[in-house]
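The following pair of complexes shares a single chain, chain A, combined with chain B in the former and chain C in the latter.
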Partner chain A sequence: MDFSSISRRRLLQGSAALTLGTALGARSAAAADTTIGFIYVGSRDDYGYNQAHAAGAAVLKKMPGLKVIEEEKVPETDAVEKTMESMINLDGATLLFPTSFGYYNPHVKKTASKYPKVRFEHCGGLWTDKDPKNAGSYFGYIDEAQYIAGIVAGHTSKSGKLGFVAAKPIPQVLRNINAFTLGARLANPKATTQVIFTGDWSMPVKEAEATNSLIDQGVDVLTCHVDGPKTMVENAARRGAFVCGYHVNQAPLAPKAYLTGAEWNWEALYPKFVKMMASGEGIPNFYRGGLKEEIVKVSPYGPAVSETARKHADEVKAKFMATGLTIFKGPLVDNKGKTVIAAGTERGQKDPELEKMDYLVEGVIGATA
Partner chain B sequence: MTSEAVDPVEAVGHIAPASDAGFLQRFGATIEYILIPGAALAGALVVFGIFVALFGKNPFDLYFYMYRGAFGTWFSWQNTLTRAAPLILTALCTALPAQLGMVIIGGEGALLIGALSATSAALVMPSAPPLAVQLAMAAAGMIGGGLWIMLTGALRQYRGVNETISSLLLVYIALAILNHLVEGPMRDPASLNKPSTREIGAANMIGSIPGTEVHWGLVFGLIAATVSYILIYHTTFGFAVRVAGGNIRAAKIVGLSVGKLVLTICFLAGACAGLSGMVEVAAVQGRTNANLAAGYGFTGILVAFLARQNPLAVIPVAVLIGGIGASGGLLQRRLGLPDASVLVLQGIIFVFVLASDALYGRIGFLKGR
Partner chain C sequence: MADAGIGLWTVPLAVIGGAIRVSTPFLFVSLGECITERSGRINLGLEGTLVMGAMSAYGISYFSGSPWIGVLSAGITGALLGALHAGICSLPRVNDVAVGIALMLFGTGLAFFLGKPLIEPTAPRLPAIDFGWWSDIPQVKAALRVNVLFLFGVALAPVLYWAFRATRWGLLIRTTGESSDAARAMGHSVLLIRLRATMVGGFLAGIGGSFLSLFYPGSWNEGLSSGQGITAVALVIFARWDPMLCLWASLAFGGAAALGPALQSVGVTFGYHLFNAAPYFLTLAIMIITCSPKRMLTGAPAELSITR
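Moving on to the complex of A and B:
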């Protein structure tokens, strides 16, 4: 804070810079290093979805020759189109990461066709070969990390009752709930997961209510799939329950109650993308992977995780890292008693059937509609 | 919009009072309407500059980037106007009922219902020519939004329900209806992880104003604001509305049918917001999903109050708020200010403009009247 600097001279300097800036604006942007733009739908310190991307952006900031610009709380309307264009026109960005799922259709597709020389990397895995070639979509099989978190949760829970605070009953969320439950039932075949859907991605009040109501019903380990897990983690820890995190490591919020969690590993992926572009090979339009490809990771175990649980989880993790492991394989029965995957059928991570998941597996208490 | 604006109180000393009483008498009110909001805006910018200086940023950089991001380039102008377009229409949803003394803050609900109605209209006539579809969408959007706010008017007129509260609560009902339809009966089965209705089709999109990238919503807004102004200030209907707004008992004594006035004005107000919902679908999103609840209806309330509920003044105020939104991205990227700083500025402007209401009729040199 230095008010003395706002003098008449400073004002003159300011206006001189203003003229100069207008004259040189376009040139200085082009002369700079590669500029990469990150766009977040929420705030970048939400201990959740957006923070995971911001952590990836932070790694790029440290790399030489890169300039990273960021904008947060950009809604999924034409505002994001204007933000992308502003980054291209006023900052000279040549690589953009519009990170929210809802940005893709129609906003990223539209802007990508308009600026064919700019590369657009969208998080969500929606790209098809009908879309612009300078757009791409990446996503991670985070259900692998949820599966491992489920194992730890199953070992830790005394009541055998696990809780899941979820946003919407869409395939991505159902896949996480099911993977978590299947993992937990490896550790304790009688374990159940009670799920509560809050209806939207960021509903802190409902998330807190859901957390409390789950604990009141005897649940002693909770996890979630909402944009910001902070509410669930803090409330559950306050009530003395254990938690598994999501999106990023929430251990700082609840050091004793935090068991482990399913995290994105954008810190590893984004530098890879930049290197692919620099080397000239380009980023594949459709890029996916799990633990083995270092797109997702598992949080370090917390102090409450027993030796048995660690050993079991590490064993399964090693299988994912080595050859890959199929989570969803027959015979698999949903919680209404219907066989959803027949005996002998294995649905690997890339199976398109998994993208349409609309059931909750046996052991989950709750309904999709 | 810089800091060297004239402080109205100080300015009194510089102008010889009563030197041209006739001129001041005739135009004093108009001068007040320009001078007082202008001074309030300048004051707000100075306070915001100090606020930013407290965070160690140079306020002159701030003013420069705000100007550049909002009005500095042709691209910035288009960015500003695109953001202003929905705000003109949603602001009218508050400004029109205000003529009757009603405080309606539920424009967001009318926007959502308008968007849903417009989308439904397009989806039931898949093979009709685009112009017919577009007209049907506009009509459906206006009727849907109009009936939605008319409901609030009827509740107040015939059941004595406070219109401010009921219009606000109806926003949440509108959102629930939208979510229910989008995730249930109207869901496009292909929209797996982002529940949406089917698309209205590229041929039915209304596109941009030729030579620009600003969509037609801006023109609709300008027309709606102008028509509203003429309706309120230059027709007998408008006169009746203002009489009823000024003194409802006097209006009843002279035989005005207040109920009809309330329902008509509420319908027109809702129709404006509904039309903005139609534009969001037909010019931006191409379908209905949760993205539509982006808060345009709520920002519209701010615009209406800043415009002192004058339908014509809504236009420049919407452009101003659109400009602040457009420059917000540049402030984040160049100055590293958090997104919330734009909200802080909006809040400061709001407080200044409301507080400046007390100055009307109290400025010495304009008192000749």
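Moving on to the complex of A and C:
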């Protein structure tokens, strides 16, 4: 017999499964608890991306019959596989939320095919038919909220110059920059958005420097797409500029300077997922939605937002809520003068082409590379 | 639209402003490390000290309402971590580099653990002095809003330079760093001198950390330092253990850090990763220019474990 074929991990798994079996037996007699695991890439209270997910997890914690376990600062490496396996084998988790983009391929796919009875709900990935059936991906069209924030920003800016502090030129970030700019140009057709890429998700000194450079250029409304918007919001407010938030509501950090912001609404979505599972209908493998589906929301307007801006933004929001509105439609020209969406073509939110976005629209000052 | 922007002038202005804003932590950590290394010991743990300083300054400032008490407590925290390093290193056959790495991980880990509840609240910040009163341009005004800690740091560099040459304490530290036997022959305790030098170094590094959380970028979060403590330790070697060179090197690093974002803001969009890496290119370039195969690193204390 070849002992080397039984890896230490398998052995541990086997013994863990045994204990788990007995534990489960005892537990099902008492109450049918469901254990749900949340995995975050950063700190749970970063005033940003991870905090938004943790707020969703906090809602589940209050629901009866649910047990929520969490682990933060799990890197996007095989470390996440170990975390998932320990949540499954040691804590008995049957629903997992690995919330960071880089977890999906290959880590979630691999672990999902190994544990077919556990449900994996990944945030941001692109689930396809070839992927395990017990895995799924969900994401929100937060560009809808960015579009509305852009309208407010376009109305509020006196110089017509908006600033965007971004981490990396990946499709999701570019889509937010573009939607924000298109929204702003509804309000002020001459508005421009100046983008600065800092190079990574959490670089406070670079973010502060970017904020200062933008304001030195005459930018008077800023927004961002980094993990923790706190640095940008605080530094911009100190310099007297207005800000639009991201991920969660940052109004408490800068009550006067905060205009509005694009927020996640995981508090509404996660209970829905749990209900879908409990009722037996299951969660769709590919789940997307925007304002209408209550996956994203817009922060309440700040005191500096004018009546005109409120009205304009509310009108557009009502359209999103009613029939859905197409943000990206032809003719759309990028900032190099190339037509990226031909006249007559509408790219609805679910269009997979949008998830491959690699251009910046006309009105954005900056480049993707 | 030209009324509000200042066009290409942003770049030199941002580099000057960045030199003032970003350099302070580099300056404090490198001056602190300069003292420690001159006594013949390397404390690589200053990255951890910097982060601990930032966290404790923010926490104390938040709970006490006074940012200056925060700065002081950051210094004390740093001195305690320095004492820990020196204490462990005074045991026989302990390698100071290894202890430093351990303390770096310990310091950052402890700061992250204790700093969890401090990410959300907003603590009172250090005040700034307006040196831009003579200018009508808001950009210049903003760039010249200088923090007192920066001025302390700038003043400290020549004082240290003088102290190393002309005071009893300075000479004693240098003697210990050049030859511990000589210091011992003079009747001084080498371990005690190194303990004090490491504590002072830690104190300064802690204050450097308080600048990060209490002035610029001005809040506590876990990515705050992103390796500035380590860069500053390297900067001491690059500055040849000379406090005045530490000052210039820190200013250059601060300015270089501002270069990437500033160039993007005026529309130079190619290769921003390259410009973001400017500080490291600068280090490499100067290291290559100044190194020589014929001699040792000039100014290196002979007792340092890297030169021995």
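FYI, the second predicted complex is superposed on the first by the 336 of 369 C-alpha atoms of A that agree within 3 Å, B and C clash if a C-alpha of one lies under 4 Å from a C-alpha of the other, contacts with A are read in each partner's own complex, and residues count from 1 in each chain.
Convention: a residue touches a chain if its C-beta (ideal position, glycine included) is under 8 Å from a C-beta of that chain, and two chains touch if they have at least 3 such contacts.
These numbers were taken from a predicted model, which means no experiment stands behind them.
After overlaying the two complexes on the shared chain, residue contacts for A:76 are found with chain B alone; chain C is out of touch.
In the overlay built on the shared chain, the residue A:367 is in contact with chain C alone; chain B does not reach it.
Touch criterion not met for A:345: it reaches neither chain B nor chain C.
In the superposition on chain A, A:90 contacts chain B only, with no contact to chain C. In the superposition on chain A, A:207 contacts chain C only, with no contact to chain B.
Look at A:124: by the touch rule set out above, it reaches chain B but stays clear of chain C. Touch criterion met: A:356 reaches chain B, while chain C stays clear of it.
Contacts of A:171 after superposition on the shared chain: chain B is touched, whereas chain C is not.
Of the two partner chains placed by superposition, only chain B is touched by A:106; chain C is not. Touched by chain B in one complex and by chain C in the other are residues 43, 199, 369 of chain A. For chain A in complex with chain C, the touching residues are 42-43, 45-47, 158-161, 194-199, 202-210, 212-218, 220, 227-228, 230-231, 234-235, 238-239, 253, 365-367, 369.
Residues 53-56, 58-61, 64, 68-69, 72-73, 75-76, 79, 82-83, 179, 183-184, 192-195, 215, 280, 284-286, 289-292, 294-295, 325-326, 329-330, 332-333, 338-339 of chain B touch chain A in their complex. On chain A, the positions that touch chain B within their shared complex are 1-3, 5-6, 10-11, 14, 17-18, 21-22, 25, 43, 69-79, 82-83, 85-87, 89-91, 101-102, 105-106, 124, 168, 170-172, 199-200, 355-356, 369.
Residue ranges of chain C in contact with chain A, taken from their complex: 1, 3-6, 10, 13-14, 17-18, 21-22, 112, 116-117, 119-120, 122, 139, 142-143, 216-219, 221-224, 226, 228, 257-258, 260-262, 264-267, 269-270, 272-273, 276.
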